[in-house]
Every structure is written in C-alpha cells, then in structure tokens.
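Each of the two complexes below includes chain A, the first together with chain B, the second together with chain C.
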Partner chain A sequence: MNHLKPLVGLPLVLVAILTFFSVMTSHFATAGNINAMLHAMAPLVIMSCGMALVVFSGKLDISIGSIAFLSATLAVLLINDHAVPPILAFLASLVAGIVLGALNGFIVVVLGVNALIATLGTMIALRGIALSLTGAVLIPLPTQVARLGNLTIGPLFADIVVLVLVVIAAHIVHRHTVFGRRLNAIGNGEDAARRIGLPVDRTVFASFVLSGFLAALGGIVALLQVGAISAYLGRGMEFTAVAVVVVGGISLFGGRGAILPGILLGAFIFEAIANGLNQMSANPYAYQLITGLIIFLAMYVDAMQHRRKAAVRTRR
Partner chain B sequence: MNSAKLVMRSISKRFGGIAALEQAGLEVRAGEAHALMGANGAGKSTMMNVLGGVVRPDHGQILIDGEVVSFASPTQAKQKGVSFVHQELNMLPSMTVAENVMIDAMPTRGGLVDRKAMRLRTAELLRRLDCTFSPDTLVETLSMGDRQMVEVARALVTDPGIVIFDEPTSSLSEREKRRLFDVVLGLKRDGVAVIYITHFLEEIFEVCDRVTVMRNGTTIETRDMHAITAGEVVTAMLGSVEAEERVRPAFISIEPPLLAASCLSRDGAIADVGFEVRPGEVVGLWGLLGSGRTEILRAIVGLDPLDAGELRWRSGDTLDIIRPDKLHRKVGFVTEDRRGEGLLLPLSVAKNISFGNLDKVKGAFGMIDAAKEKTFASGFVERLRIKLSSLSQPVRTLSGGNQQKVVFARWLGTRPKLFMLDEPTRGLDVSAKTEILRLTAELATEGAGVIFVSSELEEMMRVCDRYLVVHRGRIVANLYGDATKDDLMHAVSDGRVAA
Partner chain C sequence: MSMRKIVAATLVVGVALASTAVRAEDFVVGLSWNAMDNQLPVKWQEYLLSEAKAQGEAAGINFKWVINVADADPARQAANIEDLINQGVNLIIARAEDDAAIGASIRAADQAGIPFITFDRPSSTAKPTAHVGGDSYDQGKTTAEAFVELLKANGVKGECIELQGSLTDVNAMNRSKAWHEVTDASGVVKTLVSVPTEWNPELFRSGTVNALRANPQANCMFLGSDFALPAVQSALEGAGKWAPRGEANHVWIATQDVFPEAVAAIQSKYIDLGTTYDAYAHSKEAIRVAIQVAKGEGVDCPDNICLAKGRLATQENIGTLENLWSRAE
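Right, the complex of A and B next:
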C-alpha cells in the first residue's frame, strides 16, 4: 500500500493523543464521547474531502468556508422568508455550492489566476455577500427543521452517516476513477500532464465544482448542528481543512496521499485535542497553540519528503 | 519493407512572417528506422509537430498508408497511429508504472478504473520492451533508463504504426542507450515506422536505415545509411563543411599551478582524485557519462561534501589550502543549465550582465546608474558578439547560444582566474558551439585556467590542452593536447580494465 507511506507516524500520534486524554480524563474514551466527536467533526471532514480533491491536483481552495456560509445562508433565507420546503431549500443550497465552485474553477482555469489567489478573492467576496444577506445577525431555523440536526440513525447521529458516505465516495473517486488518476497526474506535474495530452483544464475545473458542492453540504450539516445561521459559520474552516489534509498525509505539492484513512485520522486528531482539552478544562488558547504545532510538524514532514524526492530526481 | 507507411509532401508553415517549414517532404517505410537530422532551427521539431497534430501546416499533405489525413489535435494523430516519445520525460513520479503508461487511455469497468486490465496491458508492453520491473513499481524509484522505457511503453499503448523518438538518449547512460536501441530494432521487426531525431551522429549509424537531412526549414536529401558517411550528413546539415579543427593550437603552460587538488574522495562517487590546473591552459575532464567527471567538479566547489583530500589555491607565491565553498566564489561556473546558472530570463541583457558586477554600475546614492549599466554591458556584448536587437531585450528572447554568452559576459565582468565549464555547449547548434569553444580558448589565452567537461569527445579535442581521463571516479590518465581520438578512447577503455 504505497499511498499509506506518508502516514507512518500519524497513527502513533493519534494513539498517543488518545491514550493521554483517556488517562487524564474520565469521560474521554466512552462510546458516547466518541459518537459526539464524530458528530462534531462531520462538517469539517466533509469539507476536507472537497479540499483534498483539489489538493491532489496541487492546488488549493480556501473559499470553502465562505461557500459553506453563503449556501447555508441561502437555505435559511429560502426556508424562513420564502416558505420553501426545507428539502428544496437544501437542494438549492447544494446547487449554489456547485455554481460557486464552478465560479472558482472558471477564475482558475479560464482566467488563469493562481488558485490560492482566486479562492482568497472568492473567500472574502462570498462571505461579504452572505453577511449582507443576513445582516450579520443570528437567524435561527424553524424548530422542526433545526431538530434534524439531532436526528439519529440507530446509535449514530445522522451526519455521521453522511460523513462516512462522503468519505467513501471521495475515496473511490480519487482512487478508482479516471478523473481521480488525472487529478493525481496533474498534481505530479501540470506541464507533464498537459504534454501527455490529459484534459487538465476540465479536470481542475471539475475538482473545484466538487469542492464547492462538498463545501455546501458541509455548510448544511453545520447549519443543522447549530440550528441557526451565524456570522461565524464556516469561518476559518478552510484553514482547518488544509491542516486536516496535510496532517492526513496528503501533500500540498500534489499527487500524493489518500483520503482514506488520511482525512479521517487527520480530522480525528484535531477533534480529539479540542474535545480532550475541553474536558480537562484547559486554557482554551492551548488548543490553538497545540494545533499550530501539529500543523507545523505535518507541513515540515511534507516539505522534507518533497525536498528529498526532488533531490533524488535531479541526481544523475 | 518498401511500402511507404508515411508520406509528408510539400509541407509549409509560417509563424508570423517567418517560414518555419518550406516545401518539406518526408517518406518513411514500415519497418524502418528513419533518422531526421538538422541543426537547431532547421525545422525538425515543427515537422514532427505537424505530424503529431500539435501544429497545423499552411500547405502540404500527409498520407498514412496511402490515405490522406489531417490532424486537428495530438489526440487525432494518436488515433491515426502516430505516437510521440518526447525528449523530456513526462513522468508522474508518485504514481505506479501502470498508471503512468495508461494514464491517457485508462481501461474502465462500470465507471471505475479496471486495475487488472491496466496492469495486464502494461505488463504486456513491458515484456515487449524487455523490462523486468513490475507494473506496480512507483516511477520515482526507477532509474532514468527505466523511466525512458515507461515513456516508450506509453507511446506504444495505442499500437501505433508510426513512432517518433525525439532526442531519446540525451539523459541515458551507455547501457541504457543500448537497451533503447534494442527497442527501436524490436519496433522495426514489428513493422513499425520509426522516426528518430538526435544530436548524436553515431547513433543514427547504429540504429537507422535511412536519413533525411533538414536545413533552413526544408528537407535537403534522403539517403540510405550505408551510402552516406558521418561527414556527409554533417555537410548536408550545415550546408558547408566545417572542419573540426582546433580553435587554438594545443598549449603547454609552464606557469606555476593555480589550483592543486590532492586525494579528493567522496564515498561512492570519486576516489583519490589529484590534479593541477595552470594559468592559460584548458584542462579537459574526459570520461563517459557517469564516470564521475561532473561529481569531481561538484566536489571541488563544495556542492557535494568531500570525505577526504585537500584543495590548494595560489595566492602570491604560495599555494594555500582553501575550502571548497570558498573556492566556489573564486571560479566562473558555466553549465548546460543556463537558468540554473542564475540567468534571469525575463530581465534585460544589460541587467543580466551587470548582476554580478553591481559595484561597477553604481551611481549617486548607491543607486544603479542605467547609463553606466548599458555602457558596461555593451562592452561585453561587442566582445562576445552577442546577437541582439537591443540591450533592453529580455534574455528569454535570445537563442540558446547567445544566452550562454550572456552567462560568460557576467563572469568576464568579475574576471575570475579559474573557469569551470560543465557541458557549456549542450543544446546549442554547431556554429554557437564553435563560438563558445573559441571564447573558452580566449579566456585561457588571457591567462585564466579552464576546466572543461563535455560528453562530446570531438568537442573536447578542439579546445583542450590537456586531458584528465576519468573512470569510475578516479583519474586514470593524464594526456596532452596532441593526443588522438584513439589515444583518448584507449585511455577510457584502459580505465575499464584497471578498475
């Protein structure tokens, strides 16, 4: 299993973290808490899958937090102000995600703008649009809709099921479809992929569309969990998603890593730290410091591996 | 054997106002390897890009198996059985061999990639190429030669009737080259029409049946390989005979050494290397690819660490020990990699030349004085006969030879006493090569010591005053400028026996 190589240290880190919190707190290692953690990380995991697909091609989409926010806002406004049935409103929200993803794809592929800059632009602009639509205030969902957020299927929260389905689907798309191979090929070298004759533009465009779609889906899940749209929905999520992707062993240089189990482990590490520290009643800012350190370490490992491979490549 | 697989007839193509191809024609038979030769800019690439569907010709006709075809895209060309093995390897290092080979023709089942079919097909192609590595190997773990085979395998996926090899051996070792030749022979046996482009004359005599020579955008002549000599090919390429004469008579320097290296060793790369370089002489490091000649240069200037040995550098009357990284700052280093040398392609010629010499173009308040910069640069442009339309022309728009001269110009500004030239003429056309060699001799005549490395013996023999023969990381012989080609070849083979 070659694609697992970058992950060598990750399960160890996770085990260490889990052991630490299990020893330090009484409630951490219970089924209920694990269920709660999976529930809490659902939006992040779903959005990270979209981010990962873009990252495989060596690009970034940092607008996903704003896409989540804007498309969730759209759903709330449709339900509250226009009495649209919730199902239709959520469908509209997913379509919005697709359209916004296509907008990113258009800017990157057709206008030829660097992906980071393009999505930085849409990240700021889309959040601005959503804020002006909501007036930056908290807008609650009708209670019967908000109740969906606590829906359970058997012992599991419904959004955990969504999480699992999305992760499996994204993994299959990446590992088992021609589209996924092309993403990897582009991440290995866009020029080489072009010279081979692969449809680079179409493939990159599609990855942004998928990322937009998953961002909207993540936004809906987050919205239902909170039961209201707030000005904070999805904010900073894009960077946490980048962190999850990198910690999960997916190279930001493109073409390396896998969604399963990378994304799940990566997201679980962050969630476990947040949850564990919370239960230890630690200083809330400690979470940010530790998260920062972990991101730094993951990036450093990625850069080291990339440099070593580059060195091997140039030696004759 | 005599049926014409491919006929290209009176192909013309203009880019802007400039004719890239003018009434060029080519005929290739099934089962033959056909060499396409020509100096840089002769139109070989345009001709092949027309055949590969990358460029649409303004005029002309292409027939495959007697049927007129026209390609709007490389994909269409591929469908008609034309495959390209590019000079640059288009590898996807983090992916498997099978994925690399099949990437643009992945078999699917039910919308998902059919891995089994992909591996089977790849394994079949690898067998055809006599490759022993598995389809599941990651490409980043393969050697250059194996990667080249992956590139060839990719070209064969569609079972093409015509395969174009564009400079396939430029990064291969001797053994890997043999393997590639075997592949070409195998393709010939299978009835494939092979078009073979290379800079290396001797290769075409080994694998090709016929040669078509191009010059100035048109095809000059097509001949059977056994009815033509290397000299005749070169003559056809250049239009007039350019005798491979020395650019300056061999010279023996009697001055005290400028640089003395002794017992330099680096594990696995070089062993016990010792030599001297005197002012005014051009010392050639002569060895086959992979012999360690580049490694010696790298070690001297600290790009690779040394395990043992010392370097001494002349200061006044004595030779003082010097650290490799310190030496690096004293030598002018020119390699085939012009961009890597720090040539800033988007910037002007003047800026590029003045970069190493900013002190000399400073004006008031330490700001760059544009007028001084131009005067400074124009001196070198004249001296090196750099062909340009203006000093503010971006370096990117110059030809390879003139770009290389800009690199020299920058070094001349700092007047180093020692130059290290590693394949300085790689990728240049014949006349640009000669100019660079003349410049090299000129540097020596002015008193600089020069260490010169090239893979082309003929080229070394035009400029070197002394040869250090390198084999397996050791210096196995020291020959003077009057050494003949046989002497030098012999020295290299002696090294083989000794090692």
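Right, the complex of A and C next:
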C-alpha cells in the first residue's frame, strides 16, 4: 500500500468539495450529474493515464494535447473529405498517435534531447500541422458520427466505459508488469537502472508510444463529445493532465504514485470544481483561482515528500 | 523651338504624367489576427484581400500584405505586432485577442508613426487611428428584442441559459449586456444562468450540460456566437432537447453571428433567430478606411469608429437575406 501514501489527504479534499457543492446547489449530488461529470472528464482521464506512464519514468510529455488535436484532425479529414468509414478513420487516428508518440520517443531516446524540450517542440510543431490541415476553422463531423459522442451503454455514457477500461489497463501495466516496474525503477534513478542492466531506452521509448496512443484515444473521445474538430481541441490539455497527475499523488520526480485511484481522484476533483462552480453561476475567474491553489498545494506536498525522501537517502 | 518640338515635348511630359497617375503606389498593411479559429476570420481575410484589390486599383493604391496569427495568445499578438512595426509597414490592422492588452501595441505603433486600425474588437485601453467592426451591442439588442417578441407571440415564458463568449472580448460583453438590458426588463425572458465559454467549443458543450443539470426547467438559450453550434447541439441531444420548433421538447434558441451550421439549423427550425455578423461589410469598410488613411484623409466616421450593423435572420427570411456569407448558394 506504499503507493497510496501520497493520496492520504486527497479523498478528504474530494469529500470536502463534494459536500460543499452538494449543500450549495440542488442538482450537484445526483446520479445524472455524476454521470455527466464522468462523461465530461473522460478525455482528460484517458490522456492523463498516458502522461502518468511517462511521468513514472521521471519524464514529461507535454505534446499530448497536440497529438490529440492532430490525430483527431486526421480522422475528421478522412471521414469528411475522403469518405473513409468512421471506424477505419479512428483506427488511423490511433495509429497516428502511436507514430507521433514514437517520434517523441525517438527524439528523447535516440537523439538524447531532454523530454520537456523535445515534447515542447513537437507540441508546437504538431499543432501547427493540424492548424494548417484544418485551416484553423471548426469542422463539424457528420451528424450520425457526432451522435456517437452521446452513445450510452445502459445508464452510462459509452466513453465512461472506455475511461474505466483505460484506467484499469494502465493501472495493471504499471503495477503488475515488468514494464511498469522498470518505469518506476527508471524514475527512481535512471543511472542506477542502467547500471543494473535495465533496458532504459527501450522502456522510455515505449512509454512515449503509449502516451501518444492514449492521447489519440482521448482526442477521439473529445472530438465525438464536441461533434466537431476545432483549434481548441487538446489545447492546454497537457498542463491539465500534469495537474491531474500531480494532484493524484504521482510524483513529477518519477517512481512514485499510482494510476488507480490517483488519476481518477485528481481528474474528478477538477471536474467537480468546474461543474459545481458552473452550477452556482460563480465568478468564472474563481475556477482558475481554486484550480491554481489546488495544484500549488499538490506540488508543495510532492516537493516536501521528495525532499524528505532525499534526506533519508543521504542519512543512509 | 519649332512647333513640332513643342508638340513632341508636350507629348513626352503628358505621357510621363499619365503613367505616374496610373502607376499604383505600394501600401504595405500589416494584418494581425488574434486567431484563425473559425470561418469568420477566414472570410474576413478573403474579403479584405479582394476588396483591397478592387478598391485599391480604383484609388491608385497597390495593397501589399504582411499577415500573422497569434493563436489566441495576447502576448504572442503583441510580439507579432512589434514585428510588423519593425518591418516598417504603412498601416496595421489588428483583431485583438485581448481588448486591454492590444492598447500597448496601439501605443507602440503610434510612437513609430504607424497608423493603427482595430478590426472587429475595439481596444478598451488606447485610442487607435480608427476602429472598424460590427455593432455588437446592436447585434445583441436586435436579437434580444426579436426573441422577446417571438416568445410573447407564442405564449412562452422563457427561462434561458446564456452562453457568453470570452470575458476579454468586448464584443462578447456587448452582446451579453444588450441581451440582459432587453430581456431582464421584458417580463417574458429570464436568464437563469450565464456560462462563460472563453470561445472554447468544449466549454460550450460542458457549460450547456452543467447548466441544464442545474436548471432542468430551462426552455431557451442565448448563444454569444454560434460558431460552436455542433458542441451545443451535442449537449442538447444528450439531454434529449435538440428538437425543431413545434415539438414539445424544443429549446428556443437565439444566436449571434449566423455561421454556416446556424444557417442550416435555422432553416431546419432548430434555431429560432439570430443576427448576422456581416463579414463582407466589415471588410469593405476596413479597406475604405485604410485608403483614407493612406491618403492622409479623415475616416469619415463619428469619433473614428466605423460600425456595420448586422441583420436579423429568422426561420422566415434566412433563405432570402442578400450577401449572407455563411449560406451555401
């Protein structure tokens, strides 16, 4: 249960937030609204899972928003301009995400560029390509395809089912596979991991590929929800995903934390704040203020834990 | 001097003068877009370039363009305009991302002696050479008045969700202000909640979903712009409320801009009415003002603010409005 240590205060924060909005609004704590919140946060959770896999190795992938945008753009253009069946277009979009993730992995692992700088570059470049492909305008999906965004399975939106499957799969990959343990080992000390013979480069490369794949999947879900591709798709998502990862108790220094329940709780806190403030008709700037405060607190806790851990290592 | 030589000299001078008169002067315009995130700026640019060619030829001015886009980042737009100033363009036309932040760029251009036209979005912090745009207050007012009359005629008490635009966009705020001034006093339409969208389609969608959850009795909407209509449609479909007028679950919708998707939705009776944002009229006026500036003459508008009003589009007239850029002909 060591991986849950960073989450000690998180459920309490969530309970406080849920209680506050349940008291202040009349429709917050309803099954329908919780269903709507899970639906709204699906793209963010899916993309955050990819981000988390990279973060476990002590690296960052800030190109996920642009990968989502470009791969979703590809799907829309294939459907609208080339009459490709949607299922094939979305598969092509996922392949594009894998290729773009591999591009990041190549730049980081083979060219040896710092992950933050490498993905900053691809973030800008990939968004530029997508903007030029779309002419930067909003392009609607055909009505029948757009309706998939509201598809339900029983009482749940279909993308909530996708969300759950992705979170469970990512959690298993992280906690119960050799690959996941290697990610943690690299995050705890890349040099040490190399010295004991772990395939560091291959593992880091694979984490970027997975991140690209999940970014594309999140992009498809976001695309279907909105029913159109717009220049806003995925914009700023990379930073929200970093915030979810940090608030979810996953250390930005690598090697610590857990996808389940960390990512789910982190994302749900942000969605609950947005949803609750929205229902209260609160000042729109309040959302940014509160979100900023929560990120700051999470970062502070993470930094304190990292410092304490480093101090223990030094004493040993 | 013989008569033949005088005639020849006169002809040479005349031809020289004539050729000077018809040779157009180069006039470099730096065009700074805040973003090209929907069809409207694309159409504006198309019309600006075509009008510059047409009106420029008639006025003996050869317009040349340096165009940049800031991707909705006020800091990047300031840097882009600084680049235009450093290139020594003759005139800057800018659509501001932030109506306050653009003031610094206007002052920088002024110090460099370069005239500045704010386009579509006026500055709230500095006075440019001229402002050209749509009358966004009138746009909101026209829509709100017509909407109140429509609901009154149908015996409906409106309980509305308002989707505002960006809070840093003066046009968005003008539309919202006009909407509230008319509807709050109408006794017919009540605004239950105002949702800021930052012009982000994802927020149009989630804002609509959240507002409907909080206010299930809502039966009408006011959209600060309909460029993101697919996102609103998706949210209403999810709530089982996307239905044409005449059906029980119809949500009455008043909108702004009348983008192509809105034209189709008005034609198919999902949207009730809207007021156009006249891209062609704006661009034509901007070039007229640019020519006046190039000639060093006044722009002939009250307080140098040149505004084109929009037109009310309804289910009855949407097919016949002239020069509607967003309607497929």
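As a convention for this text, the second predicted complex is superposed on the first by the 315 of 316 C-alpha atoms of A that agree within 3 Å, B and C clash if a C-alpha of one lies under 4 Å from a C-alpha of the other, contacts with A are read in each partner's own complex, and residues count from 1 in each chain.
Definition applied: a contact is a pair of C-beta atoms (placed from the backbone, for glycine too) under 8 Å apart; a residue touches a chain by one contact, two chains touch by 3 or more.
What you see is a predicted model; the values in this text were computed from it and never measured.
Using the superposition on chain A, tell me whether chain B and chain C clash or fit.
Aligned through their shared chain, the two binders fit side by side on chain A.
Touch test for A:Ala222: chain B only (first), chain C only (second), both, or neither?
The second partner, chain C, only.
Among the partners chain B and chain C, which is in contact with a greater number of residues of chain A?
C
Considering only touches as defined above, state whether A:Gly121 meets chain B (first), chain C (second), both or neither.
Touch status of A:Gly121: no partner.
Who does A:Pro86 touch here: chain B (first), chain C (second), both, or neither?
neither
Which partner chains sit in contact with A:Val178 here, chain B, chain C, both or neither? Use first/second/both/neither.
In the superposition, A:Val178 touches chain B alone.
Please compute the chain B to chain A to chain C angle from C-alpha centroids in the superposed arrangement, rounded to the nearest 10 degrees.
Computed angle, apex chain A: 130 degrees.
Quick one: minimum Cα-Cα distance, chain B versus chain C, in the superposed arrangement, integer Å.
Nearest C-alpha pair, chain B versus chain C: 33 Å apart.
Going by the contact rule at the top, pick out the chain A residues touching chain C in the complex.
25-28, 30, 32-33, 36, 39-40, 127, 131, 135-138, 140-141, 146-147, 149-150, 222, 225-228, 230-233, 235, 274-275, 278-279, 281, 284
Which residues, counting only chain C, touch chain A once they are in their complex?
Its residues touching chain A are 35-39, 42, 69, 71-72, 167, 193-196, 199-202, 204-207, 209-211, 213-214, 216, 227-228, 230-231, 233-234, 237-238, 261.
Can you list the residues on chain B that touch chain A in the complex?
Residue positions touching the partner: 74-75, 78, 86, 88, 90-96, 99, 103-104, 106, 108, 111-113, 138, 140, 144, 154, 171, 290, 294.
For chain A, which residues are in contact with chain B within the complex?
2, 172, 176-178, 180-182, 184-185, 187-189, 192-193, 195-198, 255-256, 309, 312-313, 316
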